[in-house]
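In order of appearance the chains are A, B, C and D, and numbering begins at 1 in each one.
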Amino acid sequence: MPLTQDQLAEIEAQRGQTTPTLRATAPGMENRLYTAHPVLDHGLIRVIDYMGDDAAICQAARVSYGTGTKSVSNDEGLIRYLMRHWHSTPFEMCEVKFHVKLPVFVARQWIRHRTANVNEYSARYSILDREFYIPAPDALAAQSTVNNQGRGELLEGEEAARVLDILKTDAARAYDNYEAMLSTEGQKGLARELARMNLPANIYTQWYWKTDLHNLFHFLRLRADVHAQYEIRVYAQVMCEIVADWVPLAYKAFADYRMGGVNLSATAMDCVRRMLKGETVTQENSGMSAGEWREFEGVLGSG
Amino acid sequence: MPLTQDQLAEIEAQRGQTTPTLRATAPGMENRLYTAHPVLDHGLIRVIDYMGDDAAICQAARVSYGTGTKSVSNDEGLIRYLMRHWHSTPFEMCEVKFHVKLPVFVARQWIRHRTANVNEYSARYSILDREFYIPAPDALAAQSTVNNQGRGELLEGEEAARVLDILKTDAARAYDNYEAMLSTEGQKGLARELARMNLPANIYTQWYWKTDLHNLFHFLRLRADVHAQYEIRVYAQVMCEIVADWVPLAYKAFADYRMGGVNLSATAMDCVRRMLKGETVTQENSGMSAGEWREFEGVLGSG
Amino acid sequence: MPLTQDQLAEIEAQRGQTTPTLRATAPGMENRLYTAHPVLDHGLIRVIDYMGDDAAICQAARVSYGTGTKSVSNDEGLIRYLMRHWHSTPFEMCEVKFHVKLPVFVARQWIRHRTANVNEYSARYSILDREFYIPAPDALAAQSTVNNQGRGELLEGEEAARVLDILKTDAARAYDNYEAMLSTEGQKGLARELARMNLPANIYTQWYWKTDLHNLFHFLRLRADVHAQYEIRVYAQVMCEIVADWVPLAYKAFADYRMGGVNLSATAMDCVRRMLKGETVTQENSGMSAGEWREFEGVLGSG
Amino acid sequence: MPLTQDQLAEIEAQRGQTTPTLRATAPGMENRLYTAHPVLDHGLIRVIDYMGDDAAICQAARVSYGTGTKSVSNDEGLIRYLMRHWHSTPFEMCEVKFHVKLPVFVARQWIRHRTANVNEYSARYSILDREFYIPAPDALAAQSTVNNQGRGELLEGEEAARVLDILKTDAARAYDNYEAMLSTEGQKGLARELARMNLPANIYTQWYWKTDLHNLFHFLRLRADVHAQYEIRVYAQVMCEIVADWVPLAYKAFADYRMGGVNLSATAMDCVRRMLKGETVTQENSGMSAGEWREFEGVLGSG
C-alpha cells in the first residue's frame, strides 16, 4: 500500500484538526477516521465519515426527543432484542462512508450489494495507476475438487512460480500496452474509455462507498463468511474490526445472532428435537438430502 | 407545537454539549441541530444528525485522499456541473436525519418516497397523543373546479365555521372513544393495535426519517412545488431553508437547475426555436394539446 | 366484499379471454388471475399479472439460453440449494402484481416494505367509498398484558358490543361529515385533499402492488408470521396460497427454510450442542437472558 | 455473435411454442421474445420475459378493476400527462427481463443502475469463453482534446493497426494463460476464482437483467444519449427499438419528454424569456458561465 508523500500528508492533515460538533460522536470511530488500513498487497480501507452510534439506534427505535440512551444495560438489551427479532430499521439510522482501494474483480462482487452509494474512480476520465493484485503464496490455491466455487490445496513449487510469473508478466505487458495506446507522442493517442479495456481484472480501482449499518451487516455476514472468496473476505474482516469499535453493542449482537448464528430449516429443527429426545437420527430418516445432512452435521459439530 | 418541559429540557441538553470531531462539520447545520422548527399547528421538524458538507460532494466526485476542496469557486463550478449533467452519486454522499411530527395523511404521501430510512412511532405499541391538525383559516380551501387534485377559493363565513366545527368535534369524539376502548377501568381494554383504527387521518404521528442529499432534493423538488398539497409543502419549505444552511453551494445549484428549472419536451423546444426565429406559434400549429400549450404559455410567462 | 355488477363483469371479461403467448406460463397462477379473493369484511386480493415460474428461477441461476429446466428433480434441488444459501437474485427474476383492497391502518404497515411498486387510489383526486373494517367477534381482542404490541383474550359481552358500536357509529358519522363537507349543494364544498383528513384508519383503500418473488417471500415471512397483526396476516396467508400455486417448488423451499425455519444465535447453538452431549443446560448456565431463554425453550418445544 | 447450434436450437424451441394466457399480451413484444439481437462484435440482447403493456400503465394509474383501457386516444393522453408530470409509479407497473452478452467494461457501467435485478454468469463457478470485444475501425477513436471523458477523431493507418494488434494479441495471450493456469494436466490447476483475474476488461460476460419500465427509461435516457460511451449506447439503442415495439405510446411520450426534451435552468429560462421579448442576450449578460452558455447555445441551435 504505497501511499505517496502527498497522500500521507493529506491524511495527516485530516487527522490533525478537530472541530466541535453537537452531533453524536463515537470515540472508537474517531480513532479510525481517515487512517489507511492496508488490505491485500496494494489495497486499503479508510473511514471517511460516519453518522450515529449505539445510542442512535435506541433513539430511533424509541422515536425519542432526547438522545435515546437510558442506560448502557438497557440499550444493550434493546439492541439485542431488535437484532433477534429482525427489526432492521433502527440499524439503518447509522451510516458510514469508506474510501476503498481494491482489485477490479473484487469490486465486481462488492457492487452486487445495491443498497449503497458509490463513487468510483473513472477510467473513462482518468488514467489508472500501475498497481495489480498478485496473490501471496498462502493465497495461491488450486480449484477445489468438491466445490465448484471454492479453493482446495495451495499450489506449490514450480506450479506456484509459473502462475505468479504469468500474473506479473501479463499485468506488466497489459499496462505497458495501455500506456503505449494512450501515448500522444507521435500519434493521436487512443481514448481512455477504450484503452482501459486492455487492463486485467487484478488492476486496482478505488471508490467511495457509503451504506447504512443494517445493509453493512448484511454485507459483512455474506462477505466475512468462510464461503466468501478470500480476496473480498479480508476487506470484510477489516470492516468488522472497524464496526466493533464504532458501535460495540450492535456489533456484539450481530456477531452472536448473525455471524455466529445458524439457520435451521423446519426439517433440521425437527431432527434436533428428535435427537434431544434420544432418538438416533441418520441421513436416511432425517428427510434431508445428502448435501443438507452434511451441512447439518457440520453445524452440530458431529460431522 | 406544545413541547413539554421535559422535551424542551432534552433538546436544551443536546444543544448544550459539543464534542470534538475529526469529521467534516457544517457550521450552518450545527446551528440547526436538535432545535424544533414548528410546522402547521402541532408539527415540527428537527435535524438529529447529518453527514458531509459541500466539500464532501467534491471529495467523492474526485475520489480524493484529502478533503476534496480545491477552492470555493472550483467547488461551486464542479457542483453546478454535477447538478446540470445529472451526476447524482456525489450528492448521495451527504446524509441527513430528521425527527418529524406530522399528520397521518401527510405521512402517507411522504412515505411514498422509498429511498429513505424510517422509524415511526408505533400505535401498536404505544398510545398516541391527543393532537390533531385543524387547518388555519387561510388553508381552508374549496375543491378546485379545474383541477381534480387541487384547491380553489377559500371557504368563508358559515361554511368555514361548519367545517372547522366538524373537524374539531369528530377528532375529539374519535379520541374520547379511542381512550374509552383502551381503558382498563372495569373492563379488559381493547388492544392498541385495534383501537387506533378509530383515529382520523389528521391525528399527528412522528418519525425519524433519514435520506441522502440526492434523494432529499428529489423529495423537495416534488413536495416544495406549487402543485404539492399545502400541508406537505410547508414541511418541504422548512427543509429547503435547512438545506440551504447545510450545503449552500449544492442548494443554490438545486434551486437554479431543479426547483427553478424547466423541462421542455422536444415539441416545446422546437416551438421556442421557431419563436426565436420570429415565427408566430399558436396552439394550432404547435403540435401540442390544449393542456400542454397552456402549461407552455405559463412557462414562457406569456399566458 | 360487495363487488358491483360492473366490477364483476370486468373481472369476468378479463377471465374470459386468452391470448397465445411465448412467455413462461404457470398454470396454477392462470387459475388465480383476476379473481377476487376475499379478505376481512370488505377487502380483497387479486392477481393482475405475473412473470416467471419455477423454471425461470433455474434459468436465471444458470444464465442459460434455453428454458433452464433440466428435470423437475434437478430444478427442485437447485431451488432448495439457492434458498438454503441465501442466493436471492434468482428469486428476484419472478415478479407479481396484485390489486389489493385493505384498511388504511393495514396499508400503513404494508407500505413499510419499500422494495415494491405501488399505485394507490388517490383521495386527493377521488372520493373514497363508504366501506370500513369492523372486526368480527373472534378478532376483537384485549391488549396483551405480557406483550406491548400484541393481543390477549377476546372481548366479550357488553364490552365487545360497546366497542363494535363505537367503531360503527364513529365511522358512519365521520363518513357522513366527509360527504357533508364535500357537498356542493348550497356551498362551495371542501377540497377532497382536506376532507379526507376526517376519515378514520379503518376505511378501505386500494392499490396495485408489484414486487419480485424474493421480496415477496421476505414480506410473507414477516407478515404471515404469528407475531404479525391479525389484520395484515390474513392478507399474507391468502398470498401464501397463491404463491404455492404459482411457484410450487420455490414455495416449498421457502416454507421449509424460512417460514418453518429457525434462527439460533451462536450462544443458543452452543447450548444445543451441549444438550446433545448430555449436559443439563438451564437459563442460568446458558448465557442467555430470561427472555431469550423463554424463546429458546419455545423453539425446542421443551418450554 | 457466433451462437452455437445448440443455442440456436434452444431459442428456436422457445419461439416455437405458444401457450394460452389470460395476461396482458403485447404483440410487438411477442415478436421480439427470445430472438438474439446482435450488438457489437460478439454481444447480444434477448428479451426473456415481459409484464404489461400500454394499457397496464393506465390500469394502474386508475387502480381499476378492469383492463384500464378506455380508448387508445384517452390512454395516450393519460400516458403523456403522467410522463410530463413525473408520475413515475404507473410506469413501474411494467417489467421486462433481458438476457445480455456484453464486454466486462460495459457491464461495469451498466451495473451502476441499482434498481434492477441481475444474475451474472459466474467466473468463480464456470470458465469464461474465449470472446473479446475488438472495436470496429469506425469505433477506434482518439482521446478527445476538449472533453476528458469523450472521444475525438478516428485513429487511422498505422496507429489504428497497432492498437488493434495490441488488443488482439494481449487478449489472446491473457486467455491462453488463463487456460494454462486452470489446466489440470500434470498440475493441480489454479482456482477459477483466481485465474479469472488475468482476463482483460474486453472479455464478454453475460447476465439476466430485469427492471421496470420507469427505471429502464431512466437507463435509456442516460445510456442512449450522445454523451454515453459508444459501447453501451449501442445496447441502449437496441433496447429503445424493443421498447418502442412493446409499449408504443409510452415510448413515444418518453421520446418527446425525456430523450428529446431539454432541461433549462431558471437562469437559462430567464434568458429565453428575455430573447423572446427582443432583448439581445450574450454570455456576458446571461448570468451563465462560458461552459453553460455554450451548452445553452447548442440547445437553441444558435451555437
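FYI, a contact is a pair of C-beta atoms (placed from the backbone, for glycine too) under 8 Å apart; a residue touches a chain by one contact, two chains touch by 3 or more.
Listed by chain with UniProt protein names: A, B, C, D = Flavin-dependent thymidylate synthase.
The structure presented is a predicted model; accordingly, all values stated were derived computationally and were not measured.
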item	value
Pair joined by more contacting C-beta pairs (A-B or A-C)	A-B
Angular offset of chain B relative to chain D [C-alpha, multiple of 5 degrees]	180
Chain centre separation in whole Å, for chain C relative to chain A (CA means)	33
Whole-Å separation of chain centres (CA-atom averages), chain B against chain C	29
Rounded Å distance, chain A centre to chain B centre (Cα mean)	35
Set of chain C residues in contact with two or more other chains	89, 112, 118
List of chain C residues in touch with chain A within their complex	77, 80-81, 84-86, 89, 112, 222, 255-257, 259-269, 272-273, 275-276, 289, 291-292, 295, 299-302
Residues of chain A defined as touching chain D within the complex	103-105, 108, 111-112, 114-115, 118, 122, 124-126, 133, 135, 139-144, 148-153, 155, 159, 163, 166-167, 170-171, 173-174, 177, 180-182, 184, 187-194, 196-202, 229
List of chain B residues in touch with chain A within their complex	3, 6-7, 10-11, 13-15, 17-25, 30, 33-34, 48-52, 56, 59-61, 63-67, 89-90, 92-93, 95, 97, 99, 117-121, 206-208, 210, 212
